[in-house]
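Each of the next two complexes has subunit A plus one more chain, namely subunit B in the first and subunit C in the second.
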Partner chain A sequence: MLEYSLLAGILFGLYFGLVALGLNLIFGVMKIVNLAHGDFLMLGGYGAYIVFTDFHVNPLITLLVEIVIFVLIGFPLYYLLVPRLQASRDPEMLSLILFFGLSQVIEALATLRFGSSERSIPGTVLGDGPISLFQQTFPVAWVVSGAISLLAVGAIYIYLYRTRIGQLTRAVMAQREEALSTGIDVQRISAIAFGIGIAGAAVAGVLSPFMMGSITPSMGVGITITSFAVIVIGSLGNPLGTVAGGIIYGVALMFMQTYFSSWANLLPYLLLIAILLVKPTGLFGRRMRNA
Partner chain B sequence: MTDELLAVEGLESGYGQLQVLWGVELHLHEGETVVLLGSNGAGKTTLLKTLLGLICAWHGSIRFKGEEITHLPTDARVRRGIVYMSEMGVFPDLSIEDNLDIGTQFLPRHEAKERITGLYEIFPDLGHRRREAAGSLSGGQRKMLGVAKALAAKPHLLVMDEPSAGLSPLFVKEVVQVLAGFHRAPDLSLLIAEQNVTFLEIADRVYTLDGGRIGFNGSVGEARENDAIRRAYFGLK
Partner chain C sequence: MRRLAVRPAPKRLIPMLVILVAVVAAFAAAPRVYSNQLLLFNTIVYLVLAQGLNIIYGFTGYLPFGYVGFFGAGAYGFSLAVLHWHTPPLAALALGTLVAIILALILTPLLRLSGAYFAVANLAASEAVLQIVSNPNLTDFTKGPYGISLEKIYNPTLSYGAAVVTLAFTLAIVVYLKSSRFGLALQAIREDPISAGMAGVNVVRGRVLAWLMSALVAGLIGGIFAWYVSVFYPETVFDLSVSIFAIVFALFGGTATLVGPILGVLILYGIYNVIGISTPAYFQLIYGLLIVLLILFLPNGIVSLIDRGTRRVP
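Entry: the complex of A and B
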């Protein structure tokens, strides 16, 4: 039971790392809080659901298409919303209000279009039968989703640490003012990060019917709160810390569901409060030398 | 007299409704080092940021190598060779190597590598610690990295905002010594905004900025003889 919980926790942790990564990337680069993050994830999930039920297209193919679509949506959405926010006196506070409004609009439109009942895609579309890992058996859909999450996280790592644009993105994350002074085109870098952030949410959305069991238009709020818990564990603005935060969260969730199942839903809130009280910089926050 | 590199005429700018600069006139020639003396709140940073396009100019003009650049974005000015070293000067979360690499962002890849190798020869401590985070450096070392990062961009005009800020007198001398190595380099001019007169050691000319207006404009010798400057910056009565 212990080994099963640990391994399942790592699989779910990789997934939760991906869920939260986009939110943390956007916060890190733009210092705005995208409260509609979970709703973009929900849209990604419905995209996969519709394409699967109407056209019988495997969600793994939809996933690739959604990456392109959401990056392309992200660019104009960034230029429409974010520069206006940043020109205001209190961009962080206003971003909470604006993206909360956007979240409500997305949820309402999704409810109108899809209804409020739960939808799901059979896990067998990702492969038949259970799969064995270290003498423990898991649904293939979990293992495939965990592997895709790992690939997506790896792709974002390569973007951040192995490309020139990624290097400039990290510079903007580190010191926006200094980045501007150095001549970095901060708006372009931010637009790319915004597109990648919501594309990451869409990828997690495609996998959500398999990891969450089902999708509903109202799932966005819960996902956003879970994402906050994960990024607070891993440190705000630190994308790689998010992955570690996701694994810690996933393992904790699985242990809670195994040994204290009735308390499992409280986990994101408990972790949020505990980390903020004990180590507000997150477990992977870095200190700077002052002299 | 060498060719004029930078010509600022009638420059006015500020923040929101608050006007900070009032008709600033400033000229700098190729290979020249100019120190802009000003106390806290005199408008030095505002002037430098306006030169870089980080703050919009309200009125007046900025010409660089004869080209009107008053309304160009910052990246276009950096591409033309105007490089700004802010008080912070570095990205503390990034490695020393990343900082220098970002400094070379507008250079061709092969030239960038050569440039960074050359800078490690000038600043060997940075070379030894290239993989470490800039934030792990001491204040003085961080300032050296800031200078190196700015030089990595291969500037024609290096604009420095209070390079002595937060440094002990010993480190200030070290920074001045490093900059002295570039003094009168044929393709590098320096505009240093300061309130520390130690930088006059490497200056060709001096401006003073007071309340957003240029006060004094002359040689270092003339500045040292000027009563108002002696009182304000040398602490002499």
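Entry: the complex of A and C
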């Protein structure tokens, strides 16, 4: 039981790390909160669902196509919304409201297009039979999702730490004003980060029918809050911190579900508040968040 | 940089008092000429919540996404007092408000956080309270997810009257903040807490008082809401969209003013009642677009159209 909870927690933790990663990247680079993050994830999930039910395409192929599509959606969306927002008097606060509005638009369009009932994709699509890991058996979809999450996080890590644009992105994260004054095209770097951020959400979305059981147009807000909890546990602008945050969250969630199942829903909220109050910089961060 | 209002002058008080009396009188008299009392009642609830949010966000800059937590705390404090101890409604209202204030005191440490961290931590706090209240293990005490039923004390006339009194009280707080040194001090803290502190403003005391005042009005109207509707579920009184509505109404009109949130509620809640109930998905779409356009093109609300940066709108 203990080993099972721990391993399942790690698999879910890797996945939650991926869920939160895009939000972290966007917040780190632009200092805006994309409250529509969970809704982009939902769109990614519906994309996989529709393509699978109508054309029987394996979600793993859809996943690759969606990365391209969401990066391409991200650019115009960035230039439409963010520069204007950043010129306003209180970008960080107003971003919460602006992106909440966007989240409402996406949710409404999804409800009108897909209906409000729950949808799911059978887990056997990703492979047959349960898989054994350390004498514990897990649905194959969980293991595949965990592995893909690890790959996606690794890709973003390489982007941030091994490429030229990634280096510039980290410069913008560290000191926006100075990055601007050294001639970095902050708008372009931010637009790329925005595209990657929502593409990350879409990838997590493709896996969401397997990890969350089903998808609905209204799932977005809850996912955004969970993502925020994961980011806060880890820390800002640090992809490895987010993965560690995801694993801590995933393991804690599995233990709660095993031993205190009726209180498990309380966990993300309490964890979020406790960490913000006790160690506001997150477990792996240096930045200050105090007023 | 925003310009701060100059010294609060007494002559600015009179137009605000006129607005206060006019709004309160209109809602006191409206049930005699307009039959949909529930709609009037809900409008009062949102007027109080939008102004309560204005107290904390407009005057101090803290954006409480979980503001509905105080509303729900007031509703449950009221209901549980009535159910378990058969408290008379007015005394139960006082208890409900007290519960909301206690919740605000427990959450006071959140004021150490800045910006989005405060907003999201507060949202998490309100969701945590909902999870506790609706937990099936506590059904004996809170009725868990099955909701509250108070038909024995159902009294729409009296509870409507209490809502009107609460509206007057809330508007009076905003008038006070708009015309007192304390309100000016809060706005100074919002603009630059360090300079305000050096100028002799007690920053922590100012923030905490504004926080408690906004929790007080939300808890009070939450209790009255429970009394008026008398049957409700935990999700009704801890609904995140109540917070969002209050925030958007206040911002749409214009924060740190008396008329802004009033205009915001009357216009947007009006639109909601025309199209929102019959076709919720289309309403959500229009509403979302409206929010996006508002933030992009009119971030200081519709009063900024009249105001033109003078900050003299009451």
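Simple rule for what comes next: the second predicted complex is superposed on the first by the 286 of 291 C-alpha atoms of A that agree within 3 Å, B and C clash if a C-alpha of one lies under 4 Å from a C-alpha of the other, contacts with A are read in each partner's own complex, and residues count from 1 in each chain.
FYI, a contact is a pair of C-beta atoms (placed from the backbone, for glycine too) under 8 Å apart; a residue touches a chain by one contact, two chains touch by 3 or more.
Here the structure is a predicted model, which is why all the values come from computation and not from measurement.
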| item | value |
| --- | --- |
| Superposition on subunit A - do subunit B and subunit C clash or fit | fit |
| Which superposed partner A:150 touches (first subunit B, second subunit C, both, neither) | neither |
| Subunit B versus subunit C as contact partner of A:57, first or second or both or neither | neither |
| Subunit B versus subunit C as contact partner of A:225, first or second or both or neither | second |
| Touched partner set for A:272, first subunit B, second subunit C, both or neither | second |
| Partner chain(s) touched by A:140 [first = subunit B, second = subunit C, both, neither] | neither |
| Subunit A as apex of subunit B and subunit C, Cα-centre angle in degrees (nearest 10) | 90 |
| More subunit A residues in contact [subunit B versus subunit C] | C |
| CA minimum distance (subunit B, subunit C), superposed complexes, angstrom | 8 |
| Residues on subunit A lying within both footprints (that of subunit B and that of subunit C) | 289, 291 |
| Complex contact set, residues of subunit C against subunit A | 2, 61, 63, 65, 109-121, 123-125, 127-128, 131-132, 135-137, 193, 240, 244, 247-248, 251, 281-285, 287-292, 294-296, 299-300 |
| Of subunit B, residues touching subunit A in the complex | 52, 54, 73-75, 77-79, 83-84, 86, 88-94, 98, 101-103, 105-106, 133, 135-139, 149, 153 |
| Complex contacts: residues of subunit A adjacent to subunit C | 27, 33, 81, 84-85, 88-90, 92-98, 100-109, 111-112, 221, 225, 228-229, 232, 262-263, 265-266, 268-270, 272-273, 276-277, 280, 289-291 |
| Contacting residues of subunit A [partner subunit B, same complex] | 164, 167-168, 170-171, 173-175, 177-185, 286-289, 291 |
